[in-house]
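Here come two complexes built around subunit A, the first alongside subunit B, the second alongside subunit C.
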Partner chain A sequence: MSVIAPRFKFSEFVKSIIENAFWIVVIMTLVGLPMAMIVLFYVDLPVIDGALVTPFLALTWLSHPELALPLLKSFLTSDAFRILAFPGFGFAALVAAGTIFVERKMLAKLQLRVGPFYCGKIEGILQLAGDGLKLISKEIIIPAKADKPLFIVAPLLFVGAAAAFVALIPVAPGWVVADVDVGLLAVFAVIGFFPIITVLSAWSANSKFPFIGGIRALYQMVSFEIPLILSCLGVVLLTGTLNLTEIAQSQQVIPWIVLMPIGAIVFFICMLAELERIPFDLPEAESEIVAGWLTEFSGMMYGLVQLGSYVKLYAFSALFVVLFLGGWSGPVFWPPLEQELLESGQTLGPIKLQLPGLPLFSQEFFSAVIWFVLKTAAVIFFVLLPRGVFPRIRIDMLLRIGWYKLIAMAFVNIFVALGLVYAGVVGPGGIF
Partner chain B sequence: MVGEAASAYSPILLMFGFAVAATAPALLISRLVAPRGRDTPVKYLPMECGQVPKGEGRTHFMMQYYAYILMFVVFDVVAIFLYAWGSALLELPREATLPIIAFLGIMFAAMAFALRQSGRRDIW
Partner chain C sequence: MADAAFLALSVLTIASAIAALELRSLVYGAIALMGTLGGIAGFFLLLDSPFVAMFQIAVYVGSIAVLILFTVMLVRRELIFTKVEDRRRRLAGVGLMLVAMASLGAVIVNSGISGITTDEPAVDFREIGADFLVRYWPALILMGLVLSGAVTGAMVLARREDTEDDQRAG
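Now for the complex of A and B:
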C-alpha cells in the first residue's frame, strides 16, 4: 500500500509544479505548434456560407451561438465526427462498456451472486469504473522470453481490427463510417484478421497455455467462417446487393429472419463461435488452459483485449440486425419538433434564445437510431444469455457442429432463398 | 479511378488508426500510474500454474486438424465465389441458375468426401 512521501516539503512541491509547467511550455512550443501547423496544412478546411473556416474564424464563431451552429452542423457531417463519435469508435466503445456492465449484472443475477451489486449505492453502478481503475492500476508484466514488440502491439491491433469492423456497420440511413459497395465482403475480410492477431499474440507470448489457446482460437475461427459466409449468401440472393445500407433498406416490409430462419440461426451460432463466447469458449477455457491465449496478458493489456472483444461483439450483433432484423426500419415514433419553438425561439424570463438552423437531426434519424439500438441490445442479450446457462462443449462436438451440421443447414438456407426468388415471393414482381 | 475506388475504403483504415491511437495511451497511463513491484526472475517466468516452466514455450503441438485447414483453404474461396453469382441473381436469366446448382452439387459432394477423409484418423 502506498503512503504519502515521508519527507514532504512544500518548496519542493512548488518546484516540481513549476518544472512540469516549464517542460509543458517548452514541448508545446517546440513540438506542439509545428505539429499543429503541419496538420492544418494537410486538413481540408470546410467552407461555410462562402467563407473558408480557418482556425481563427472558427474560434471567433464559437463565441456566437448563431454562428457556431453552422460550424457544428458541418462538423456533424464530417468524416472526423463519424470516426470519432457517432457510428464510429465512441459509440461502439460506449455500447461495449454498457455490455460489460449488463453482462456482469445479468450473470450475477442468473447465478445468484451478489458481488456486483455492492459497488456504488444504486445497483452496483460504479462496478464498471471500479473494473477500469483496477485494470489500469495493475502492473504490466511481460514474460522474459516473450517477443516484446509483438506482444505489446497485439492488444492494440485487436482493438483496431474490431474498430475497423464497426466502421462498416450502418446505424441509420446514411450514417455509416465507410459506405463500401461490397460491404459484406469487406466485413469478411476484416473478420479474417482476428485469427491472425490471436495467433500472433499467442506466439509472441512464448508460453504454453497461450500457445494452445491461440491454436484452438485459430482452428475454431477458421472452421466457423465457412458456415458464416454461406449463411449470409441467402440474404444476398434475396436483395441482389452487397452494400449493407441497401441490405438494411430492403427489409422495410419484412425482416429476412421471418423468411430465412435457418440462415439466421446458423449466423447466430457462427457469431457465438467467432466471438469465443460460451458454449464455444474453448480458446479461453479457464478450467482447462488457465485463460487460453489471454494467459500472459496482465493489467491494461488484458483490459484492451476485453474492450476489443466487446466492440467486436457489438459489431457482430449490429451485423445480425442489419442482415436479418431489418436494421433501423420501424415506425417513426419520435415526436416532431415544435415549429413555434424553431421559428420564434424560447423565452426564459429576460433571456431569449433563438437559434436558426435547428433541428440538427431529423425525427426519422432519432427514430432509426432508437430502433437500431433496441434491436442490437436485444441481440446482445441473446449473445450474453448462454454464458449463464450452457456448459462448454468439447472440441470434437465443435468440429461436428461447424463442419457437418451448420454447413449442411447453410446449404439448405441457400435453396430456401432460391425457392423464395423463383416462387415469386421476393424479387422483381414479388410480394415483398 | 483506382484512387476513387480506394478512397471509399480509407475511412476503415482511419478508424483502425484512430482506435489504435486512442487506446495506446491507456497502456502508457497504466505504466505511469501502476506501482512497480520488486523485480525478481520468477516474476517474468511464463505462467505454468505455479510449477517451474519446463522446455520451450513454442513446441510442436499436434492438433490433428490439418485436414480441416486444407478444406478451409479450398471452400472459403469457393464460398466467396458464390457471392459473385448471388449478388447478380435477380438480373440473371433463370437458366443461369442451373450451372450454379451443378456447381453447388459438386462443391457439396467434394466437401462430403473431404469430411469423410478427414474423419479417418489412420491416414493423418
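Now for the complex of A and C:
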C-alpha cells in the first residue's frame, strides 16, 4: 500500500511550518522593509488628485476600477513605461519577435516550403514561444580557452546597444524615450558600437570561425557606415535639423523619398549591410564559416544576440521610416471623439454608458502609431525579401560596392539636395 | 548632481587611462582606452555641448578604437613591441608625468580660468555652423578640400590593382 508521505511525523510538519515562517519574517525584515523604505524615500512618487501615491495606496486603489484608471494614466505617462514598454524596448522586442516568425513563414512560402507548421494549431503560430523556451532551457557552454568576461558580456552589450538605438526613434508625436537635439548624430554614435562589440565577442571566443566572421563584420560595418552617414546628409540639409522628431514632422506634405530617391536607395542598401542581412551576410555565412561570429554562442547567449539583431532591424527600419517615409504622418483614420461624449457618456435607451477618464489616448495618437507601424512593417518586409531572392555576394564585391558605388551615389544625393535648396523648392520660401 | 557625475566621470576617465597604459593584455588596454574616450565624451555632455560629445563617441570610440582593435588583433604583439622596462625607466616616467602635470596645473591655476563664472547658455551648434558659413568660410572650404582629398585618396587606394599579379602573368 502506497502512502504519499510514508514517514510522516506531526512534529516534523510543525517544525517545517515554523521554519518557513521564520525565514519569511527574516527575509521580509532584511530585504522587504528596506526595499519599501528605499521606494518611499528615494523614488519620486506621482501625485494624483492631491494624494501622494505610495505603494500601499497604489495597492488599495488597484482594487477599485474608478480609482485605478488615473493610476494607470499616470503610469502610462511615466518614463519607466516609455523606456520599458511602448516606444522603448518592449515594443521593439515585440516587433522583433513578430519579424522572426514572419520571416520564417514568408521565406518558406517564397521557397515553396511549409515553414513552421506543427507547433500550435494554426500555421505553427507557437513556434516562436517553443524556440524561446528551448533557448532558455539549454545549457550555456563557454569554450575552455575563451576570454570569459568579454565572452559573457558581449551578448548583453549587443542587446544594450540595440536598445539604446531604439530609445532614439520617435514613434508618434512626443512619444520617444530620448528626445535629444542631436538625435541623428546620437544614432550614428550608437551604430558605431556594433562593430566593436562584434569584433570583441569574436576575438573573445578564441576560435577560428568567429574570428573570421568578426573581421568580416568589422570590414563590412565600417565601410558601409560612411555611405550610411552621407546618405542622411541630404535629409539634414533639407530639414536643417538633427532632431528626429522634427525631421519626421517636416514631411507632413511630402516624404523625402520622393525628392531624394537616390539617398533612400543608398540608405537601404547600407542598412542591409549593417544588419548583416542577405545578400550581405558574410559575417555569418553559414555555408563557409559555420555561423560566423555567432558560432560559439549557445543557449540564451545566442538568443540574446538574435534578439539584439532583430531589435536592431526594427530600429533601422523605423529610422528609414522617420528619415524618408514621413514617420507617422498620414490621414487620420477616425475623427476625434466629441467632447460631449467624453464628458457625459453615451445614453442608449435605459442604459447609460459612461467611463470617466477614457479614452486613455487621443485618436491622433492611435492613427499616428498605426501609420508608423504599417510603414515600418512595409520596410521590414523589403528588408526580409532579399533573403528569399538573392545569393550571398563576395567580400571584394561588397567592399567595391561600399567604397565607391555607394559613396559616389551618396554624393550625388547631396548635390540633389543642394540643388533643391538653391532652386527654392525646399526651405524658406520654397514650395514644401 | 553635476558634481557627482563629474567625479564619477573623472574617476572613470583617469582610471581607464591608467589601465590602458598598464594592462598587459592589449585588447583590454584598447577597451580601457575606449573608456577614457567615452569619459571625455561625458565631460562634453556635462559642458552642455552634446554635438561635440556625439562626435567624440562616433569618431573616437566608434572609429579610432576600432582601428586600434583591428591592428592589435591582426598583428602579433611581439612583432610590434619589444618590452624594455626596468625600475629606473618606470620611476623616470612617473616623475616626468608628475612634473608635466604640476607645471600644466600651475599654468591653468594661475591663468585665472578657475575664477570665471558664467550663466550664459551653451552655444547652439547651429550658430557655430552659421559662423562657419559666414565668417570663417575660407577655413570651411579648406577643410572641405582636405576631406574630399582624403576620401578621393581612399577610393584611389581601394581601386589600386595589385601589380604583382600582372607581373607574374607577364
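Please note the rule applied: the second predicted complex is superposed on the first by the 375 of 432 C-alpha atoms of A that agree within 3 Å, B and C clash if a C-alpha of one lies under 4 Å from a C-alpha of the other, contacts with A are read in each partner's own complex, and residues count from 1 in each chain.
Quick note on the criterion: contacts are C-beta pairs under 8 Å (C-beta built on N, C-alpha and C of every residue); 3 or more make two chains touch, one makes a residue touch a chain.
In this text, all values refer to a predicted model and were calculated from it rather than measured experimentally.
Undergrad: Determine, for the superposed arrangement built on subunit A, whether subunit B and subunit C clash or fit.
TA: The answer is clash.
Undergrad: For A:Leu185, using the defined touch cut-off, is the partner it touches subunit B, subunit C, both, or neither? Pick first, second, both or neither.
TA: It touches subunit B and subunit C both.
Undergrad: Scan A:Ala318 for contacts with subunit B and subunit C and give back first, second, both or neither.
TA: Touch status of A:Ala318: no partner.
Undergrad: Going by the touch definition up top, name the partner, subunit B or subunit C, that contacts more of subunit A.
TA: When the residues of subunit A touched by each partner are counted, B comes out ahead.
Undergrad: On the A-aligned overlay, A:Ile196 touches which partner chain: subunit B = first, subunit C = second, or both, or neither?
TA: second
Undergrad: Please work out whether A:Leu272 is in contact with subunit B alone, subunit C alone, both, or neither, and reply first, second, both or neither.
TA: A:Leu272: touches no partner chain.
Undergrad: With the two complexes superposed on chain A, say which partner A:Leu168 touches: subunit B (first), subunit C (second), both, or neither.
TA: After superposing on A, A:Leu168 lies in contact with subunit B but is clear of subunit C.
Undergrad: Taking the superposition on A as described, I'd like to know which of subunit B and subunit C A:Ile262 touches: first, second, both or neither.
TA: After superposing on A, A:Ile262 lies clear of both subunit B and subunit C.
Undergrad: I need the one stretch of subunit C that runs into subunit B once the two models are overlaid. Options are 6-14, 24-32, 96-104 or 150-158.
TA: That would be 150-158, the only stretch with clashing C-alpha atoms.
Undergrad: Please write out, lowest number first, the residues of subunit A touched by both subunit B and subunit C across the two complexes.
TA: Comparing the two interfaces on subunit A, one with subunit B and one with subunit C, the shared residues are 180-181, 185-186, 188, 203, 211, 215, 222, 225, 399, 403-404, 407.
Undergrad: Looking at the complex, which residues from subunit A come into contact with subunit B?
TA: Against subunit B, the touching part of subunit A is residues 2, 79, 82-84, 88-89, 135-145, 152, 155-157, 159-164, 166-168, 177-181, 184-186, 188, 190, 203, 205-209, 211-212, 215-216, 219, 222-223, 225-226, 229-230, 233, 236-237, 240-242, 290, 295-296, 299-301, 303-304, 307, 399, 403-404, 407, 411, 414, 418, 421-422, 427-428.
Undergrad: For subunit B, which residues are in contact with subunit A within the complex?
TA: Checking each residue of subunit B against subunit A gives 8-20, 22-24, 26-27, 29-31, 33-37, 41, 43-49, 53, 57-59, 61, 63, 65, 68-69, 71-72, 75-76, 79-80, 82-83, 86-91, 94, 97, 104, 108, 111, 115.
Undergrad: Considering only the defined contacts, which subunit A positions touch subunit C in the complex?
TA: 147, 150, 180-182, 185-186, 188-189, 191-193, 195-196, 199-200, 203, 211, 215, 218, 222, 225, 399-400, 403-404, 407
Undergrad: For subunit C, which residues are in contact with subunit A within the complex?
TA: So the residues of subunit C touching subunit A come out as 27, 31, 34, 50-51, 54-55, 57-58, 61-63, 65-66, 69-70, 73-74, 125, 151, 154-155, 158-159.
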